[in-house]
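Below: one structure in structure tokens.
All chains are identified by letter, namely A, B, C and D, in their written order; residue positions are counted from 1 within each chain.
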Amino acid sequence: MADKDLIAKRIAKEFSDGMILNLGFGIPNAAANYIPKGVKVILQTENGGLVFGPTPKKGEADPDLGNSAGSPITMLPGASAFDLATSFGIIRGGHVDATVLGALEVDETGSVANWKVPGKMMPGMGGAMDLLVGAKRVIIAMNHTDKDGNSKVLKKCTLPLSASGVVDLIITDKAVMEVTDKGLLLKEVAPGVTVDEVKRITEATLIIPETVGTM
Amino acid sequence: MADKDLIAKRIAKEFSDGMILNLGFGIPNAAANYIPKGVKVILQTENGGLVFGPTPKKGEADPDLGNSAGSPITMLPGASAFDLATSFGIIRGGHVDATVLGALEVDETGSVANWKVPGKMMPGMGGAMDLLVGAKRVIIAMNHTDKDGNSKVLKKCTLPLSASGVVDLIITDKAVMEVTDKGLLLKEVAPGVTVDEVKRITEATLIIPETVGTM
Amino acid sequence: MPVVKSVEEAVKEIKSGQSVMVGGFLGVGAPIKMLDTLAETEVKNLTLISVVSSNPAGNFDLAKLISNRQVKKMITSHTGTNRELVQQYLAGAVDVEYNPMGTWTERIRAGGAGLGGILTPTGIGTEMEKGREKVVVDGKPFLLYPPLKANIALVKAHRADKAGNLEYRGLALNSNPVIATAADLVIAEVDEIVETGEIDMNRVGTPGIFVDIIVKGYGDEERKEIFEELWTKSGLLR
Amino acid sequence: MPVVKSVEEAVKEIKSGQSVMVGGFLGVGAPIKMLDTLAETEVKNLTLISVVSSNPAGNFDLAKLISNRQVKKMITSHTGTNRELVQQYLAGAVDVEYNPMGTWTERIRAGGAGLGGILTPTGIGTEMEKGREKVVVDGKPFLLYPPLKANIALVKAHRADKAGNLEYRGLALNSNPVIATAADLVIAEVDEIVETGEIDMNRVGTPGIFVDIIVKGYGDEERKEIFEELWTKSGLLR
């Protein structure tokens, strides 16, 4: 299984029936493909909709139905459409049960950086800062290390923060870690990955319980 | 002509084509009956509607169409319905051209009291405080004196204020007065009423110009 | 997903001493069946959060709760249409917190939308300033009010689908969409409950995620009769 | 009452150096005909206020104004979909003020609704705090942002009646209802202009009192073709 699929599949295990979810683009969004049978979640797109479905086929796209990436989507029975003031009222007001977002860095205090690399990359925060502060549960999904092998799971983020002390769970291609008051608790390791290996590629201090599961 | 009709008719002269108006109950509302031919105004009801019409006939009332007094109304072509957040956004945001409200007292600084008589009468301010602050032009319509003949046009209001320094024009059964930086400018007197009589029944200091019109 | 209950069952969720937001404006858009049922219970010491008080036509909607003395406090903008409420207030039997109508609405919206409070020009230079912090922005003073939330919101809509999406009609929406966002438990009384998918996404005034319980109210026909009688009695319909 | 104008005439209202709010989200619900026309003018030094930048599929909607260098400043939450904008920003050719999406929206809503500003928890503990006042309410800190208004708002809706009432469809409303409240001059581009009374009062998303000028946009059929091509080109439709 590719790392991406491993992460997406693991994210989906966090979903339970009736949850209202906002999934970031890329891997988080792919988690929707692994939702267990019988579990129905409600997906929000922060540009102003609830209960959306798959990408339409060619010839069937509605120019008034796009998601927060500007891609065509479909709306399912029970859908609603609303403006951005309502959409971010939903987000900031704590009405989203969980959000899953990617990150450039995350740290053991639950802080996260995912909106800019000064002087280099300036995507902007979009709706991420509001989601990080407003969602009841924040899950960060990303690769454990960058292209050069440097840990993205840090003692303290070095890049400009998106939010401070908000992350609940970190899911990477190597491990699952819970953010606790005392630091990062290692919950699971990826198949074929040892606890020692995770420790080696993690800059943050890990709390290692007696038993560590497998993702 | 009854005093009420005199006031209502005079209020209507302040309306011009296309104006967005919010009229208080009683005399202000009655002004709608005197709108000059060819002048079309847009009436707001602060409970959430624009472009409303007359009271329906028996058997034709819609339980979902009431005005801000809880009375049945009709909506005209071009009407819109919205929630209170939008309605008071319209009001406080300066999108209402003029409001006409009754008052217990008004003073020469443009302050007005119309929401309570401590220990005696507690109607509450309803939407009046927002209208007084938000409407582009504030017109107060009332009797010049109370039942005991005491002036309601004062140097300084004695009752708890609804808003401070917001009134543009005062229309009573005796006179029309403009609120200026220097005080109340007497613009018109009622038919059969002399300038001296108005001065006598007005506690506020009046500025009397060379010519005073007739209402 | 919300559950469909009977009015009687739903009203049992309301406990003495709780804060209850009630939608509607002088009866229009009010959850009158739930209020009628609540007036038949022993529930008391309620803090009612309603934008205005009851319809001037009399013993209708909120008025029953007031005359039953089930209310210990009101947060509202207007009491003038309910003489008994004003008398109870002047006698010290009930507490009233007056908020200007726009302020009342924005405070609840802020509560539902996760904002820290509101900054309004309304009430500057009046006794509304008492006990409130003034915040100056770009040289102009504004009153800071904290957000307002409640234990329960009793909402009235025209229709609900089984996913809880609410469709409003005419001027009956008023305070309903806002209060539906700001309570721990939201109960919606509707004229009709329809299958999920029957309400056009463009006509959803309150998304289903806000709604916990749906109850069937009096319905269109009966409501028309009730209001016709109310308005005829008070001389407004001839 | 609003006036109906041609797109060419309406766009002449926009002058160099003005602040212009533009509705839409990555093209969806954007006034693309006005933007296409504006891109053909000499107007420059604009401050664009748009919740995000252009559709990633390329030379579409806002992107033309950026590549023409007609924009001196953007107030937005996201630039990542327009590489040229980011390059111009990093080179110092354009200024970008980043606001979190919910903050961007609330600031404009506050501008239109006469509020003194907004108090948001978003951005606490980040560099968003820089230069902002912190206000503590009930022991929790919030960032104070002032309201945001503009000279002109370019709004896109599905239909307008001649009284200016706007009806939105699907997810194309996004920032449009909010920006329509907060500019000195509001120009609405619509698929269809209908007689007053043809839009149900329950489907009015922006009351006509906010709208100054109405223009006919590309219309439903042509828009469908434009987006089909856009999305096909970028591999999103197969």
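Everything that follows uses one rule, which is that a residue touches a chain if its C-beta (ideal position, glycine included) is under 8 Å from a C-beta of that chain, and two chains touch if they have at least 3 such contacts.
All values reported here derive from a predicted model rather than from experimental measurement.
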Notebook entry, point to check: Which chain's C-alpha centroid is most distant from that of chain A?
Noted result: B
Check: Just how far, in Å, is the C-alpha centre of chain D from the one of chain B?
Finding: 37
Checklist line | Approximate Å spacing (C-alpha centroids) for the pair chain A, chain B | finding: 55
Margin query: Report the inter-centroid distance (CA atoms only) between chain C and chain D in whole Å.
Written below: 33
Next item on the list: For chain D, write out the residues touching at least two other chains, lowest number first.
Entry: 106, 109, 113-115, 120-121, 168-170, 201-202
Check: Which parts of chain B, given as residue numbers and ranges, touch two or more other chains?
Finding: 49, 75, 81-82, 85, 88, 91-92, 133-134
Next item on the list: Could you list each pair of chains that touch one another?
Entry: A-C, A-D, B-C, B-D, C-D
Check: Which positions of chain C touch chain B when the two form their complex?
Finding: 25-29, 51-52, 55-57, 76-81, 86, 89-90, 96, 98, 100-103, 105-106, 109, 120-128, 158, 168-178, 205, 223-224, 226-228, 231-232, 236-238
Notebook entry, point to check: Okay, in this complex, where on chain A does chain C touch?
Noted result: 18, 20, 42, 49-51, 75, 77-82, 85-86, 88-95, 133-134
Item checked: Sites on chain A touched by chain D in the complex -> 45-49, 55-59, 61-73, 75, 81-85, 88, 91-92, 111, 115, 119-130, 133-134, 160-165
Notebook entry, point to check: What residues of chain D sit close enough to touch chain C in their complex?
Noted result: 106, 110, 113-121, 135, 137-138, 140, 142, 144, 146-147, 168-170, 201-203
Margin query: Per the contact definition, I'd like the list of chain C residues that touch chain A in the complex.
Written below: 1, 109, 111-115, 161, 163, 165, 181, 196-197, 201-202, 204, 207-210
